[in-house]
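Input: structures, listed below.
Common to both upcoming complexes is chain A, partnered first by chain B, then by chain C.
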Partner chain A sequence: MHDLIAITPMGATDARIDTIKGMKIAERPDFALASVAARAGRETDTVDAAKTGLGLDLPPAGRFVTHAPYAAFWTGPEQWLIEAPHDSHENLADLVKAALGDAASVTEQTDGWVRFDLEGAECHAVLELLCNADTRRMKAGDATRTQLEHMACFVACRTQDMRFSVTGARSSAASLHHALVTAAQSAL
Partner chain B sequence: MIIHHPLLGPRDAQEFTFLGAATLIERPDWQAEDAQEQFHDYLHLRDNPAGEHRELWFHETGDRSWLVVTRNTLTHEITNVEMARDVARQKGRSK
Partner chain C sequence: MTQPNRLSGGRIDTGTALTFSFDGVDYQGHPGDTLASALLANGVRLMGRSFKYHRPRGPLTSGSEEPNALVQLRTGARQEPNTRATTAELFDGLTAASQNRWPSLRFDALAINDRFSNFLTAGFYYKTFMWPATFWEKLYEPVIRRAAGLGSLTLQEDPDVYDKGFRHCDLLVIGSGPAGLSAALTAGRAGADVILVEEDFLFGGRLNAETYGLTDTSTQGWVAMVMSELESLPNVRCMSRTTLYGVFDHGIYGALERVSDHVAVPADGKPRQILWRIYARRAVLCAGAIERPIAFENNDRPGIMMAGAMRAYANRWAVTPARTVAVFTNNDDGHRTAVDLMAKGVGVAAVIDTREDAPKIAGCEILAGAQVIDTSGRLGLSSIKVRRADGKVQTISCGALGVSGGWNPNVHLTCHQRGRPVWNEAIAAFVPGGDGPPGLGVAGAANGAFSTAAALASGSTQALAALDDIGIKGRAIDLPRAEDAPLRISAYWHVPGGKGRGWLDQQNDVTVKDVKLAHQENFRSVEHLKRYTTLGMATDQGKTSNMGGLAIMAELTGKPIPEVGTTIYRPPYVPVAIAALGGRARGAHFHPTRKTPSHDWAAQRGATFVETGNWLRAQWFPVAGETSWRESVDREVRAVRGSVGVCDVTTLGKIDIQGTDGAVFLNRVYANAFAKLAVGKTRYGLMLREDGIAMDDGTTARLAEDHFVMTTTTANALAVYRHLEFARQCLWPDLDVQLISTTEAWAQYAVAGPNSRAVLHKIVDPEFSIDNESFPFMACGEITVCGGLRARLFRISFSGELAFEIAVPTRYGDALMRRIMDAGEEFNICPYGTEALGVMRIEKGHAAGNELNGTTTALNLGMGRMVSKKKDSIGSTASEREGLNRPDALRLVGIKPTDSSAKITAGAHLMNSEGPVDAAHDQGYVTSAAYSPVLNSAIGLAFLKDGANRMGETMRLVSPVTNDNTTVEVVSAHFVDPEGGRLRA
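Showing the complex of A and B:
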């Protein structure tokens, strides 16, 4: 048996947390992810199965929904990203596939992404330096994919004005972290 | 330049990449008798209008949809934006 040590996208054993003038930027390796794409002509079946099997109302464009322990983002036409706590749902893709059957294609995504949570009253000041998303108009449950320092990221509003998550490619974790911290230092 | 995405609303052009004329959707049947000639025209012959032009744009750092954007090449005014798959389906394509 190999004795491997799990590392976070930032390359450490513990999640990276920075606090810059009251603004908290926290790496969140504690979530598992799986993508869902409805198969051709099976969108209604996928939506019904997600409701029955996971209790999730798969959201329309620009939104995410939460039904503990699951959350689902809209990522594209008839496509979603499902999120759940890693400790209890490490095999998320299998669970989602079991719920959706042949209505949709499901792909494991957990280690493909890095998520940073921005928490504080100055989220807008930091995010508006970095991306086009109009975060001041985003309400809890709004999510959009946009460009942030040349990296495509999902920006999701978890609590209006106060808490946003930025999910980008794991391979660019350090660049994304650098962009967020630098913007926070400039803006605050 | 702002492109009004049919699903996501106004988006800056920096989120998109450009492919070319929307006629690229109409890929010829490779089994046709004159497939070679059709593919020659499909690949190499382009209209270059001074005025309204239908183009394929990819929302690369957004929802990764392909869009058909009708743009005036003289004024850069965008008069219509459609989902490319809707355009393809109207032409009887399956996907």
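Showing the complex of A and C:
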């Protein structure tokens, strides 16, 4: 067991949590990520293997699905990101690869991203100052790629109207956090 | 303090007093006032000076179409020029100042311009300031600008913040007059997602200004009831203080919400304004109509305003510009002003109606078939001169004159995508032509439906049609009974005769005479007329003036008005501050910042950072006692070459390439061979563009038969990824290749120097051997470190030393850097930044962004032979073009000054030791320069004609920019360890 201490994308050992007038903005470093891209002509095999090996119905464009402990959202044609709790699934890419075999290419993406969860009754008011995703029409399980203050992000609706996750590039975590917090201060 | 011209009633809160100042004098107004209404209430008609002639001016309108009453609002950093007093909402403590006058508004020295008006006609500048040409920019223009201008900027930074936002709806309703309210209510009840935008701070549009709207119920009561219902519906969002300023492609509308303009200072964290991008499936424009003036001599005196505005001031703001007024009209609507003002107790001296059959008003003198031919009053209207139907001239005392030349439907937004309005003779006005933006319907007065009943009905009808279009079923709503008076108008544009000036465009001081002059000088197209006279330019974009100008041009050319046409309408409908367009992207947040995993560690060590793209990278790490960056960088270079150093190279692009055709793919995107790269090996690769020019270089490691990791330069990471995706998706979709960026996922450090292996021995878990035999130069492997953490190790070197790059998941990057520093302590390990990195790669002759500058080929870079002839790859054929392979083609060489204390300047050019120094004799140029602490000399990399065959030649290095003239010697670009013994150690 190694003894290196991990830091979050925001640069601390503990996740950053801000609460602004009832809106909670929480950094979520506790998820591991792995990308899945079906090999040429192997989409059906990939989907079948994900169902068999992970219990996941790999979703179509604009959606994410959950089958604890896994979740998956669509990121591109025949491509998905798989999500699982970090501490129990730090080797997520290996687990996914084992499940999918040679049907798909799997790449560790855990530390490529920063995820912030927005929780509160005014999620739409905050997100509409940041991106053109029509969050008011998003239902739980909807996900979309969009841009927040020049940063490409995935916005996923975890609970309709109440909880959204914003996943962006890890290196710009501080900029993304600044954008979310200032938007919340502005909107609420 | 009294407000002598305040009337009773109105939609203002007279129970609350607000104190404000104008030109240093304190006044009082009430919540609900605009600056203009409050000043008029206080008897102030003079609010500004005109642009060119510095004529005294007061408000012409009561809305955003205002050309005259432009003021500077607020003071200090929040001072804002050219703000319309007619839309500036009054708040306690508001400070305003008039502009374009000196020394005071009442006495303006530059009013002398008015005396020279015969010379200062349209085209005056073009004709007069023609020579000498060089004087225009340096002398004439600055002087003219100083004399003729609007407000001024403080040049202080705006302390407020601005947001940008995005909203979506089924139906966007633009304007909240009778048509807008009816449309919004129809759609809101149908369950559609509705956004209702209103420019004003009160919903209701013209209903707030009229007494004649609904017949069986209170107009204000109905507005309140509708707004109450709309605001209670969860599917309807009502946005006041929001101007729809532009219609863009695909149902996207631009709207500016003035969130905090009506308060002295925005609340903490709140924006001053929000620029909304509204995505609407359908929209209905209910923007009403704008009243147009009639031109006559001296029709610009303070107190002369639109009749509808005079009525609005009286009914909504309980204000009259004077206690005795008159009305000049060509239509029945002007009579409403007289009726309403009389009802408010204001004396109406006369209604001058150009029509012979003007209707009568009880208790008011009607002069039918008459015209106003001149006015008097230096700083405000005192009397008008009227030519009666019998030809006699009569002078009438009055302090204000309401003018109505009819109403122009507000077609502006329907024309933002080059739609052209069409002429409707019945109302003597242009109406939307039906070729407006797709999905944008028009209702109410904006569509020429001028009665309240017609506006209500058309709003509902248009909303239903829009909803039907998108599959939402709605039902017609019950509408209140409303006036439905027909429009009675006889087109009348300007009063003929007289020698004085009749003003068309009060913002730009364009007169009827100017239009005649333009016609005389053959600027007859409306677009030429606009540019020659400036008619319709500036902040009001001619909302009250364009129609008059083109009607007069039609008269002069003998063409019907529709044949003359209108100029092009463009966004924005009202001025939009640049700050609003910029939003939050200002200062430090102009673009996102990317930080490396060791950023905090480097900051703790006092590193100086440099921006490379969005990344912040440590440039050097100063230590105590060092007084210049050079000392730090020299020390870092010596430390690496002498023992060991560590540098964060996470910023280099990393692309994960998988698939059974990964090797084939790489073989096609790289110019050199990759098909046979063995698992566990890394290879340097050069990528060409389609045109054969070098695009990027880097290394690619083969981790498994079907798994590669490509490294790109920091600068080109995105461009290369995009290029690869294009190749994968479009050029070779048949290949089994999958790509994903892993730049962010791995923290990567270069550990370089003779002791690098010794340091890594303490980090890398013992089951992985990294000695030279098991892990030779260009080896790579997946390993574990520090007791089991997954990692990747590459034996590659940018510095030319024995070196490794080690990568771990990014969250452990900070810890690994600290661990490497601990492990290297016994070797005096030294962190080094991008400057030392740059010095060492120049010493080693490695090309970087300076050399891969978008103009150079593999041949230029000395890597011509790397472009494999045994296979096809992107750019390989184009790289064989004759012009790129001339015998004297530029070649990468090293240069050293013959005097070791001399400098080498990047960008300087190489000239032969003898002969002229000019572009025709240019031999090449320096791309990179540095001081080498190893060689104790400046060194440089340069592209030199036929450079490979000129080793040892002495040349002159010149720079006309820095006046450099240095004697240099051409040497190999490999200054340090040309045999490569060190990196293979």
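Rule of thumb we're sticking to: the second predicted complex is superposed on the first by the 185 of 188 C-alpha atoms of A that agree within 3 Å, B and C clash if a C-alpha of one lies under 4 Å from a C-alpha of the other, contacts with A are read in each partner's own complex, and residues count from 1 in each chain.
To be clear about the criterion, contacts are C-beta pairs under 8 Å (C-beta built on N, C-alpha and C of every residue); 3 or more make two chains touch, one makes a residue touch a chain.
Please read these numbers as outputs of a predicted model, since none were measured by experiment.
When the two complexes are overlaid on their common chain A, residue A:183 makes contact with chain C while staying clear of chain B.
Once chain A of one complex is fitted onto chain A of the other, the partner contacts of A:22 are absent, as it touches neither chain B nor chain C. By the document's definition of touching, neither partner reaches A:55: not chain B, not chain C.
In the superposition on chain A, contact of A:144 is made with chain B only, not with chain C. By the document's definition of touching, both partners, chain B and chain C, reach A:132. Between chain B and chain C, C contacts the larger number of chain A residues. In the superposition on chain A, A:40 makes contact with both chain B and chain C.
Touch criterion not met for A:101: it reaches neither chain B nor chain C.
By the document's definition of touching, of the two partners only chain C reaches A:113; chain B does not. Chain A residues 40, 132, 151 lie at the interface with chain B in one structure and with chain C in the other.
By the touch rule above, chain A contacts chain B in their complex via residues 40, 61-62, 74-77, 132, 144-147, 151-152. Listed in rising order, the residues of chain C touching chain A in the complex are 161, 163-168, 193, 268-271, 274, 277, 279, 584-585, 589, 591-597, 599-600, 614-615, 650, 656, 658-661, 706-707, 734-747, 784-790, 808-816, 819. Within the complex formed with chain C, the chain A residues making contact are 1-9, 11, 29, 35, 37-41, 79, 91, 104-105, 107-113, 128-134, 136-137, 149-151, 169-176, 178-179, 182-183, 185-186. Within the complex formed with chain A, the chain B residues making contact are 7-8, 11-12, 14-15, 60-65, 83, 85, 94-95.
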